[in-house]
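Some structures are shown below for you to check.
Across the two complexes that follow, chain A remains constant while its partner is chain B and subsequently chain C.
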Partner chain A sequence: MNEPKKEKQTLHIVSRSPYQYRDIEQCLDRACDNDAILLTGDAVFALLPTSTIYHHLKNTSIFMCALEPEVAARGLLEQNVPESTINLISDDDFVQLVCEYSRSFTWF
Partner chain B sequence: MAKEGLDAILAASAYGQHIQVLFMDEGVFQLLRHQSPKSLSLKSPSNLIETLPIYGITDLYVCEDSLTKRAINEELIMPGTQCLSKEDIKHLIATQDAILNF
Partner chain C sequence: MNIALAIYSPPLSETSLRAIRFAKAALNNGHSIHRVFFYHEGVLHGSHLNTALKGEIPATDEWRNLQQSHGIELIVCIASAIKRGVINEQEANRYGKSTHNLADGYELSGLGQLLESAVSAERIVTFGP
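Now for the complex of A and B:
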């Protein structure tokens, strides 16, 4: 897992599908540069290059990560999820991120 | 948010927490005045929200962009809320100890 930027701020946790909800866009709109966004649950569908939100994820300077077990569970590891766009993290890494950041913000 | 959010706000305030409330995205509709959900046997959320200052919760904010996107004029929402720009909201989030979302 790549090291997130220094001066850690808010960890944004998004779990709903970008095909049904605009959580990721709304979150990206209000996240600071040194925040992180974690995709879990159906939010990992945002990683599909065909998703409407994909280009936003690709172009943001915010630290983006997704829970690897959730990505794997949905068969997306075989769907050319570009690792340069996203950091795939383990459940243990998730716990560590929650501890490292000053606060977490769960979007739903 | 509506009921669950208000319950959480009041519960937290009972424990002496300093609470700031931000209405954004679809949440801004709750601030519209003249809501009459009586025929649905419901209470107006804006009436409940207006009672918050009685409980010492006076920091009520609303996202300016969300209002603009929904063509809601500031005069249409309940008084006592402060409009925040995107940058203000980033700062507000970054200064909290904990955040609850409804």
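Now for the complex of A and C:
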């Protein structure tokens, strides 16, 4: 028998810089395997390989994504972050994620 | 899907602009936006005295245009608003102010409207401070 597909639960939205706040760390601690984390605003600085949080992002099994326009606005597209670490998404994808997951939760 | 939004950030902030982009993307993809609840600094969207400078996005007008074209309710938290000088004629009379500035298309109402959105909309997305 096929295992029932796990329901996508919570979309966590983070927007503050990992250099100033521990939002992403705390979010990673609390998120379940079938949650997703969306980085927006200054939270996208977590994608810098030199950031303290970067290795956590690389090693988590949680679906990680970042809003592409806000990554681009900070000149971070050139960081060549591996696709296995992060999915760069559009505003349309953001809407789709909100619908796919049962709820969204904004950290601030 | 019927989506409600809560906006805690002032006009011109990156979060405010993200919320406008999100709303437009949702509407373009066939979803409906039931209500936008402006809370904390977000209530500053409700002042018609905001004037965006050249090259900036006039958030107050952007939301009003969406309200007119898609019938979205734009609710401004009354307690947050009166503290920040965003008032309608009724509140101006109540508090003895000589003028009022709530923009057309926006309504002052209570936190109950946010709770009602959380219950009745299929999704609620918060755009934080």
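Operating definition for what follows: the second predicted complex is superposed on the first by the 102 of 108 C-alpha atoms of A that agree within 3 Å, B and C clash if a C-alpha of one lies under 4 Å from a C-alpha of the other, contacts with A are read in each partner's own complex, and residues count from 1 in each chain.
The rule we apply is simple: a residue touches a chain if its C-beta (ideal position, glycine included) is under 8 Å from a C-beta of that chain, and two chains touch if they have at least 3 such contacts.
Keep in mind that this is a model prediction, so the values were computed, not measured.
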Clash-or-fit label for the pair chain B, chain C on chain A: fit
Touching partner for A:T106 - first (chain B), second (chain C), both, neither: both
Chain A residues touched - chain C or chain B, whichever exceeds: C
Touched partner set for A:G41, first chain B, second chain C, both or neither: second
Degrees between the directions from chain A toward chain B and toward chain C, using C-alpha centres, nearest 10: 60
Contacts of A:Q9 with chain B and chain C, given as first, second, both or neither: first
Partner chain(s) touched by A:R30 [first = chain B, second = chain C, both, neither]: first
Chain B versus chain C as contact partner of A:E70, first or second or both or neither: second
Touched partner set for A:Q96, first chain B, second chain C, both or neither: second
CA minimum distance (chain B, chain C), superposed complexes, angstrom: 5
Shared contact residues on chain A - chain B and chain C: 103-108
Interfacial residue positions of chain A with respect to chain C in the complex: 13, 15, 40-41, 67, 69-70, 90-92, 94-96, 98-99, 103-108
Residue ranges of chain C in contact with chain A within the complex: 1, 3, 8, 14-15, 18, 21-22, 24-26, 28-29, 31, 123-129
Touching residues on chain B, where the partner in the complex is chain A: 24-25, 65, 86, 89-90, 93-94, 96-99, 101
Residues of chain A that touch chain B when the two form their complex: 9-10, 22, 26, 29-32, 103-108
